[in-house]
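Following this message is one structure expressed as structure tokens.
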Amino acid sequence: MTYSLTDTLLKIWEMSGFANATWQQLVMILVSFVLIYLAVVKHFEPLLLLPIAFGMLLANFPMTDLLAGPLGDQPGGLLYYIYQGVELGIYPPLIFLGIGAMTDFGPLIARPSSLFLGAAAQFGIYIAFLLALALGFSPEAAASIGIIGGADGPTAIWLTTKLYQDLLPAIAIAAYSYMALIPMIQPPIMRLLTTKKEREVKMVQLREVSKAEKIVFPVVVSTLCILLLPSVAPLIGMLMLGNLLRESGVTERLSKTAQNELMNIVTIFLGVSVGAKAVGEKFLQLETIKVIILGLVAFAFSTVGGLLLGKLMCWLSGGKVNPLIGSAGVSAVPMAARVSQIEGQKANPSNFLLMHAMGPNVAGVIGSAVAAGIFYALFGG
Amino acid sequence: MTYSLTDTLLKIWEMSGFANATWQQLVMILVSFVLIYLAVVKHFEPLLLLPIAFGMLLANFPMTDLLAGPLGDQPGGLLYYIYQGVELGIYPPLIFLGIGAMTDFGPLIARPSSLFLGAAAQFGIYIAFLLALALGFSPEAAASIGIIGGADGPTAIWLTTKLYQDLLPAIAIAAYSYMALIPMIQPPIMRLLTTKKEREVKMVQLREVSKAEKIVFPVVVSTLCILLLPSVAPLIGMLMLGNLLRESGVTERLSKTAQNELMNIVTIFLGVSVGAKAVGEKFLQLETIKVIILGLVAFAFSTVGGLLLGKLMCWLSGGKVNPLIGSAGVSAVPMAARVSQIEGQKANPSNFLLMHAMGPNVAGVIGSAVAAGIFYALFGG
Amino acid sequence: MTYSLTDTLLKIWEMSGFANATWQQLVMILVSFVLIYLAVVKHFEPLLLLPIAFGMLLANFPMTDLLAGPLGDQPGGLLYYIYQGVELGIYPPLIFLGIGAMTDFGPLIARPSSLFLGAAAQFGIYIAFLLALALGFSPEAAASIGIIGGADGPTAIWLTTKLYQDLLPAIAIAAYSYMALIPMIQPPIMRLLTTKKEREVKMVQLREVSKAEKIVFPVVVSTLCILLLPSVAPLIGMLMLGNLLRESGVTERLSKTAQNELMNIVTIFLGVSVGAKAVGEKFLQLETIKVIILGLVAFAFSTVGGLLLGKLMCWLSGGKVNPLIGSAGVSAVPMAARVSQIEGQKANPSNFLLMHAMGPNVAGVIGSAVAAGIFYALFGG
Amino acid sequence: MTLLEGLQVLVIGLGTVFLVLIALSGAVSLESRIFNLFVKNRKEAPAAEITAKQEEVTVINASAGELKLINVDERTAAMIMAIVSDESQIPLSELKFKYIKALD
Amino acid sequence: MTLLEGLQVLVIGLGTVFLVLIALSGAVSLESRIFNLFVKNRKEAPAAEITAKQEEVTVINASAGELKLINVDERTAAMIMAIVSDESQIPLSELKFKYIKALD
Amino acid sequence: MTLLEGLQVLVIGLGTVFLVLIALSGAVSLESRIFNLFVKNRKEAPAAEITAKQEEVTVINASAGELKLINVDERTAAMIMAIVSDESQIPLSELKFKYIKALD
């Protein structure tokens, strides 16, 4: 090996990103800049989109070997190891553990019929699935695309990892972006599908929920859901464990760590490594555009599903249910519930729907986890 | 593959827990409910019993594959991965790191003879070991059962993982349950073995311990213990590292993380995955009943051991040592020390034994770790 | 197997550390005591030196198997698993994530010429490299030794793990010790190389840096650095991700976890496992002494490099730059900047160089990461 | 997979989601009803509880207290209790400490 | 393993636990005694320290304080100092803040 | 590797470090200049700020004292010193801060 000046400089240049960048990588770097902009300036779910965008940036610099697996004696790249938590399906359930520890299911317990809305608002999942099939995607890919309509990042990531990893970054980015865009996506649909009179409906106050009910709730939900649909165990199980740690009142320190430090650590790792899968050659495909469009369709039809059942419940209850709370069933907690609140108040300034929308809202988390479990049972393994 | 309605519904039903549950699984689900009840309502060491109970619940839902190892391309189940930290012996030492960072060994340093009581109160370990042998258990199983008498969860889990994993959940549950039951197990034995006069003994105040002594203590203990008994290194080493981080005064941020977030994360993982080992077919055996009974025997005889040496020290010191502090030597920090306090005060309302009992109490942690190290040296590897 | 009393006691003795200690192990235990003393009493970078020293202590107790890899069914030792994060190059980038989240690059952005000083102060790296070559070290070892002059612990550990693991503990200890000794190493050199008049130079106040500039900065730095030098991606990438999480203002919870709990956990693991590599037979070599001497040379010449360019900048700017800020370019944040401040004030009591020295100081972190990347590109893989 | 099959997946999938969530809804309602029964039975419960409380107090009087230590180590707590007892000239057996909590 | 062997394990095991913990007890006692020696040699040390303290105090008097901020950010601390100074009509140069600590 | 080759590594290595950091310096300057363009368009806001800054400058220039900053960034520290000085009407040259320390 000779270390002549020119040779070495040449070697360094030849191994630099400038000499090796493909156009796809350069485009992806620009895309990551746009995502960073959206996360930081437009506040698009920054907690996940910022790490995703940065992961995408890192993964598209040429020659870094960040994603390379181990080779003989040589260990793998940093993002290869961090990605293992995604690959092995570990991070999304841990995020759900934190979400469970952060979620108050009280409004849902006070009005169990919220769960119907949380079911109806999964409608978009299946519409998008069908359209994806029609566009030529495989069933596995179509299911992964459809799950965007669940409006739940960890669920979407979990299912896609199991069924069709190639689409992981596109689906994750679409899911989180549309969650951030809920305040723009939902209101037009809400106004289109409901009458002013419906939107003006005031709902009776929710009853008080006892501590005991809240403690038993996670046990009941996990038992019933997982018995009915075993494939849903990692998601619902961890969600409900987190909720039990929260509500039991005797494990506060575990609950706090689950919803703060553990969740933050996992969020950083999950975001960066999901973003890192958005390597140029795979991401810059027509498929990605399709995914992004189908994702929007999924969100829209999930909103529609929730609203339509809301209208039905309004009618059946003799006008006691405001259909606007139906759209909150898509989950996207708590954004979608806030949208219901805002639209309700626009129709009737003294209307206060937030608490009523929180029921369907948290039901939607369970709903999309169940939908993911069904897809996994049908197409996984 | 056809997706006819009835076929698919049938498939979903056939794969559901309802169609596949064994009676053992159903019993275990009920057992887990009981444990959740004990943890939440009866406050049985909820920080660990609640995760254990929930892990047991999850693991006994049929068809979830949560514990399945990786198979070819297919990654393993969530609890399989989380369990690795138990399997590889990583979690218990990390818990000890946190315990070390939380423990003030001052009372032990002020009265080093506390260590004798911490030794005597391991008596039950060996009695239970002997009885287990007599009941036909292998030496490895008997040692794992005996260590319940150490009244130290992480130590018991660590040793059992090394010697006889089949008994892990039974032993862990017994250890934590009896630790919670210390206020019921110990007082009758204490009153039986001591005279009222002995229980009335007031002890002279402990001397002040300097900061320097506290800093040197973990170094001395780890050096001496690990040189004498190398197998004890992971437990004593981490316990003392945690204590050094605490007492050094220059690594406060590390000490805080060790005793809070790191410990909480590990506690959740440890609990859930230990509980997950309680799969019906293995747990619902006569052996489990035996373990639970032997565990109680172990606790009782450890209490006896500590009390008897306490009485001896009372006699030798001419009545300066209250034998009630002996029972605190079982560890179960700080529950056992509080029991000594309460019993002492019942005999003599102006008696304040808490600080005096803390010495044997923390000595008991070292004592049972040493006992575990001896068992591992004899039967491990 | 017979369990006769004498046989078993003999067995325990034969397996004890007392019966098996080599002189090297005993010496290393003493060395670890000295390091603990330096960390606790002399405050030598205790956050890392204390875990390193304790790891060294643990690893040199005989017969513990703490570092043993898995063998057949038998899992490996605790420190073997904790060490994987070093072996696979995971911990140092995570530490950099935390450092990035803690670092304010404002002073560097306000005066980009600080970066020149951050480059010049890597001079010692190459001097030490050259001397190490002259002393017969291989290029890989020489590069690892040289990087001590970068005055950055994680960078040094990262590069050494990639190039020449045998020297890891010596290099890590030297790096952290000399960082703690910066207030003793630098001042004599500073006074030797600068005139009183130079040291008296007051610098104009730095301009205000906008939030937007601070947000764009990590993106710019990572893009440019990693495109130029892909091998630097794990270090610079994570450093800049941490900084982006900090400055973006929308991911505060991630930034806080990155700089606190995550960093503390990794620091404990990194310290203990790096220290654990200091096993007697390997550490007690002439090479270690050489490393320690060369490390001092590296620090000294890095200081010289920074100061000389500082003098040049002083001269070129017509006396507007105080050359004392050059020595801060070695990094060792924020110690070296404080030394600049103190020396400046000794020369002129109204001189306030701290903010001006922070620019080169943080530039030095980037500078040594780049130097490490170059070494890795030349000798790695 | 044909579109027809896809449609079946839609029907089955959404149907199952509804089934599961309706089942859940039933279970939660049932749970609430059961708890409400208990609450009704315990209409006097508060009263009973108060009695229990008083008994507890008595017990505490005889035993110097069921003491919750929150973020306080026992040494400090013991010291505090001793000091308070000493300062107030009340024997420890007659002092009730509900909890000792560190502000930190 | 026969019960007799088990009994031997009991004797050896408990014996070793005692041996190790008695050794520890000795070591800890020794450690304490060594430290006590130091302390005795330093009987004047406290005095010296006090002198040092007083000098420090003087310095502090002239310099508005050695300030420890515990769980307080600097902005808040500055505000507190300013407020206290203002409220008390004592110039900051004559105020001594030992530490400012957040109760949370 | 011969020493001559080593010398080449020195030249190349240090040269590349300089190249990369000079490039960075250019990029950061460029970035700042672009942002300044934006800022100029938004003129009035900075004006007030600059005034404040200048006071700070004066104050700091007059300041003395050896200051330890522990977990505090220097900018914040400078601000605190300025605020305290300003609020208390004591020139910084007469205020001595021993250290400013943030615990988290």
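We call the chains A, B, C, D, E and F, going by the order they appear; numbering starts again at 1 in every chain.
Everything below uses one rule, namely that a residue touches a chain if its C-beta (ideal position, glycine included) is under 8 Å from a C-beta of that chain, and two chains touch if they have at least 3 such contacts.
As the structure is a computational prediction, the values presented were derived from the model and not from experiment.
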| item | value |
| --- | --- |
| Dominant interface by contact count, named by its two chains | C-F |
| Interface sides of chain B and chain C: same vs different residues, half threshold | different |
| Chain centre separation in whole Å, for chain D relative to chain A (CA means) | 32 |
| Distance between the centres, which are taken as Cα means, of chain D and chain C, whole angstrom | 49 |
| Length of the line joining the C-alpha centres of chain B and chain F, rounded to whole Å | 53 |
| Chain E, residues touching no fewer than two other chains | 1, 6, 9, 12, 16 |
| Of all residues in chain C, the ones touching two or more other chains | 8, 12, 228-229, 260-261, 374, 378 |
| Touching residues (chain side chain C, partner chain B) in the complex | 8, 11-12, 15-18, 21, 29, 33, 36, 39-40, 43, 46-47, 50-51, 54, 57-58, 61-66, 74-78, 81-82, 260-261, 264-265, 267-268, 272 |
| Residues of chain B touching chain E in the complex | 108-109, 112-116, 118-120, 122-123, 125-127, 129-130, 133-134, 138-139, 142, 209-210, 212-213, 216-217, 220-221, 224-225, 228-229, 363, 366-367, 370-371, 374-375, 378 |
| Of chain A, residues touching chain B in the complex | 87-90, 93, 97, 215, 219, 222-223, 226-231, 233-234, 237-238, 241, 244-245, 248-251, 253-254, 256-258, 261-262, 374, 377-378, 381 |
| Partner chain C, residues of chain F touching it in the complex | 1, 3, 6-7, 9-10, 12-14, 16-29, 31-32, 35, 38-39, 46, 49-50, 53, 56-57, 60-64, 66-69, 73-75, 78, 93, 104 |
| Partner chain C, residues of chain E touching it in the complex | 1, 5-6, 8-9, 11-12, 15-16 |
